[in-house]
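Next, two complexes with subunit A in common: one pairs it with subunit B, the other with subunit C.
Then we have the complex of A and B:
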């Protein structure tokens, strides 16, 4: 999803573009200003229709019992929210979203940082290695999941067949149909990456760490671990903030892998919040209920963004 | 990894053993992570019977039969075309509207400009799921449901937010004097923008277009929701339907996965420089 990259820029929380206060002159509705507002109008209109209006409609729908197809519906107050917050199925989706979203954010960030540090150590063919490290990221999550679905097939999949041919029949599993392990398998598939963009962001930041600082620390007798802990790591604080937040936001809306690999099953065991909303809204004709879940998801995403930024920003300042 | 022990200065020329180790580790990691695609690639040259009988076997010959079958017996060709139209169409709408709007926001400035900016940026925190259900209803009402334009328009909503953010931060550094001079020479504002300002935005434009192109090409959720069976769908939607209906044609699924990935690789190969620069533009500042 492209929305992820978005936050790379959003997070620095630069003060919004306050226009230069035109040299003391009060902004008038002169022709220049009107022309500029007309420049904004088409994009703003389309954006409002595609983003703001439907989001507000969702809030409205969340207060109804609409099924998604009938011409009429009734307002039911906050009942949908009550139903959601007391439903085990919803909390299970929240739990899965946390495990998969937060878990993959942490794991992928560790992988990406490790890979970036290895790349940073290279003085020969760094460009080449940076390219090949990025290549796996060109395969979309959807495509990767589709391939895994067949590789993990119980009867004819490569994994179980290989285990059988190695005489490890006892280790074969119904990888995507066993409710004890399915979340673990999903987490593995989501984390089966070298980080792609995350790695590039870490690498760019590692390369901006002043080399003099590292050398000075080394001369003062710091070990490699100490240099990392006290020099490199603090310098990476900004990149960690950006990457963790990006991955968490993406994590809250994990959908493709679930849709492809398990359809939320077995039963409802592997549903995530995004999948839950889709399933309830379109598969079960409970548009009002689904909208309420969507509003909850929005609140969670917004809260995560704000809190994560505030927490990690405070860490940056100390560092 | 005892690579940079002696500091970097003298190391440029000589390949240290540590570096070789790092290179080997990276190469192994890349191979490991590429396993699903490599596996699909190898199996796209094999038949169904071979794949299921011996899943880890290698193809005996490079036979493009599956590729031919995929395009002849399924709607995959049409889906590929749809994906291309959606990606290109969305990019055209974005290019036509977003840079101009960002320029307007920066030049209007003041409280008004700031509020408009924040309104756009708010979209970054609104997951697609939040606007999904009402959008389907509206698209149905205006007769656009299950058409390619509906997918492009919905994509525009999410991408515009990112675009405004990216362009606004860049336009701040574009000097006003040039436009003012052009205005004085009698060029209209629209012409000034497209012939003078827009070319100066090329670095952002290249980064934005590439990031978006890849994202649009790979997207699954939005076309899944907005294209029903009356359309061939996009490559991902078509693959998803195939793996549901044609559970027995594994070789075509693997082939389709490879066909879907090739354009991304070509795009990356052609614009690699911009890719990496684009990723770093926003990132280094932190």
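Then we have the complex of A and C:
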């Protein structure tokens, strides 16, 4: 008898597959599940009433000329959509939304990753610096924007006052009123406010990169840049997907900063899609038109998020 | 047997858990409906809210003073002032309040016809209107009065230029009596190396403060036919007829306005004036602005004037007491449906138009509403510059004109027009482009109205 034959004999025979008795199958709605459903029912009901139903209703309203106040309205077919798609004001809002949404997503992710890598390398006072980085995220967008409004005020703001006291009068600007720079200023403020969460997500992922992989790469002679390119970066793919998706969604729906800082002005120059919807729906008594714009925004958000997510997910698989 | 270390509730049966879940499901919506009620009673009294536009500090103080005095003397009602911050134009904020479906009993109203036709405001009883002078209120088509004035109906005489009297005296300058003199005044101040004019447009609506006086001569030409906007709707005028005031607006902005007007808020112009950063400032609060300035700097010697027309006429829009441009206090339909809230609102308005309340308003710094017992009200002429304000009302060059658009969509257009004008002032578009896009938007809005 060969060794192999002995080993085969010693192994126990594979047990036959046990068919699960039908009687033991868990019923679809046992008491525990019913209890769980009952617990979530109030929240689900409220969510449906407050979010799902109004969202669906806005599709209906987008086909009407409702002013948002009157009890009656007429159906106008696709006229609101035609008006929106042919309005320069709408396309300007789309452009701003893309700049602020994509721009803030890219800038915040790059800066947050760099900051997270620096924090990851810190051996002392990491908690302190982590807190400092996260602090702006603790302040609501509305409050942060209000503070920035005072800081950037043309006549009394800290920025221009400081520039003047340094003899740099020529560098003072109407930061929130100059139509050439206002979108850039808004982008800066949005990035400043939204960076904290993104940094923490990257930091958590950096700290979970297996050190044996990093050490193996170094032993194989990889430089720091190569370690980052071929080890760290692929391991962060999941975090990049999450951060980019969150940032893009936040970017598409930027509202409070615009509301506080510029009201879409001067003129219409800094309107975003979310602000445009609010302005026409509430300020101009065109709820039907505003609903149509909201439907378009929904389509844009869904399409861009799905496409971007698909791309980033494919990158995760390669990684 | 309990060991004393079991988790609380660990021995609950599934039946108990299911029952608890069901109870929670039933109770949650009921709990959600709990909370402070706007119409609730406070100490046996009916509590009502008074929603008003915060603009100048003086108006805030007036509302606070009058409601406080009313609450102190009423046995049945407590009025709670609810300031609506002017983060954006008040009309937009009001629409947002409407969207919540939680109307206060008393509302500082704008776009009156729009809300009246939508059934959001209730008729005001004769017990209130009987206190007012006959010319300051009017019934609508259905015979009911829906709005009563919150202050004196002195039209848009509050849209004026506030200036530094001491500076004028020191430099031998005088209040202009024609538009040419106004431009000469701006040039003289500029030649001194000073900034002539502080303007505001951050909240969008303050941009009207310079626009309306400049456009007034053109608007006044159409007064007899019901106003300029009705003439444009009827095809008897076009927005191109406003080219000259648009050109003047552009000149005033480019050549004489303090930089940063695009992001300057209305209230900041008082500070700019008092700080000496500009010699004059636009305003729409009239006596209220003078009062604000006096509070900031009691020694500031302020005066005011209205930008005159070429021929020296001071064209001032008279108040519409019944159109979409009429503003004042209204009672909400929700209050009427409640009954008790409506009665409380009426009781407050009856006090609001009493001599006692009017004296309180005057003392706080606002010209009180025109009431039948107006002769008994003590006018406040102690505010620096107040004599200029009251002098305007007696000025022989003063001409009241009418401009009351009848199309309910006019509010929609005005919001667009205001922002488009700022685009032009800010060099984003030309005057030709402003005219073209405004005419197109006007026609579209009116057709839908």
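Everything that follows uses one rule, which is that the second predicted complex is superposed on the first by the 271 of 319 C-alpha atoms of A that agree within 3 Å, B and C clash if a C-alpha of one lies under 4 Å from a C-alpha of the other, contacts with A are read in each partner's own complex, and residues count from 1 in each chain.
Here is the rule we use: a contact is a pair of C-beta atoms (placed from the backbone, for glycine too) under 8 Å apart; a residue touches a chain by one contact, two chains touch by 3 or more.
Quantities reported herein were computed from a predicted structural model and do not represent experimental measurements.
Asks: A:179 contacts which: subunit B (first), subunit C (second), both, neither?
Replies: second
Asks: Contacts for A:290 in the overlay, against subunit B (first) and subunit C (second): which applies, first, second, both or neither?
Replies: first
Asks: Once the shared chain is lined up, is A:168 touching subunit B (first), subunit C (second), both, or neither of them?
Replies: Neither: A:168 stays clear of subunit B and subunit C.
Asks: Taking the superposition on A as described, I'd like to know which of subunit B and subunit C A:241 touches: first, second, both or neither.
Replies: In the superposition, A:241 touches subunit B alone.
Asks: With both complexes overlaid on chain A, does A:42 touch subunit B (first), subunit C (second), both or neither?
Replies: Both subunit B and subunit C are touched by A:42.
Asks: With the two complexes superposed on chain A, say which partner A:216 touches: subunit B (first), subunit C (second), both, or neither.
Replies: neither
Asks: Quick check on the superposed pair: does A:259 touch subunit B, subunit C, both, or neither? Answer first, second, both or neither.
Replies: A:259 contacts both subunit B and subunit C.
Asks: Have a look at where A:85 lands relative to subunit B and subunit C in the superposition and call it first, second, both or neither.
Replies: neither
Asks: Counting residues of subunit A in contact, which comes out ahead: subunit B or subunit C?
Replies: Higher number of touched subunit A residues: B.
Asks: With both complexes overlaid on chain A, does A:70 touch subunit B (first), subunit C (second), both or neither?
Replies: So A:70 only meets subunit C here.
Asks: Across the two complexes, find the residues of subunit A that touch subunit B and also touch subunit C.
Replies: Of subunit A, residues 32, 35-36, 38-39, 42-43, 46, 68, 156, 259-260, 282 contact subunit B in one complex and subunit C in the other.
Asks: Under the stated contact criterion, what part of subunit B meets subunit A in this complex?
Replies: Residues in contact with subunit A: 1, 3-4, 7-8, 11-12, 15, 18-19, 22-23, 25-27, 29-30, 33-34, 36-37, 39-40, 51-52, 54-56, 93, 97-98, 100-101, 103-110, 112-114, 116-138, 153-154, 156-162, 164-166, 168-169, 171-172, 189, 193, 211-212, 214-221, 224-225, 236, 239-240, 243, 250, 253-254, 257, 260-261, 264-265, 268, 272, 275-276, 279-280, 282-286.
Asks: Residue numbers of subunit A touching subunit C in their complex, please.
Replies: 31-32, 34-36, 38-39, 41-43, 45-46, 65, 67-71, 83, 152-156, 174-179, 259-260, 262-269, 279, 282-286
Asks: Spell out the residues on subunit A that touch subunit B in their complex, using ranges where they run on.
Replies: Answer in residue numbers: 1-3, 5-10, 12, 14, 16-22, 27, 32-33, 35-40, 42-44, 46-47, 49-55, 57-58, 61, 68, 115, 118-119, 121-125, 129-136, 138-144, 146-151, 156-158, 161-162, 165, 192-194, 197, 200-201, 204-205, 208, 211, 215, 218, 237-239, 241-242, 249, 252-253, 255-256, 259-260, 273-274, 277-278, 281-282, 287, 290-291, 294-295, 297-298, 301-302, 305, 316.
Asks: In the complex of these two chains, what residues of subunit C are touching subunit A?
Replies: 14-15, 17-18, 21-22, 24-25, 28-29, 32, 87-89, 91-92, 95-96, 98-99, 111, 114-115, 117-120, 201-204, 258-264, 268, 271-272, 277, 409, 411-412, 415-416, 419-420, 422-423, 426-429, 444, 448
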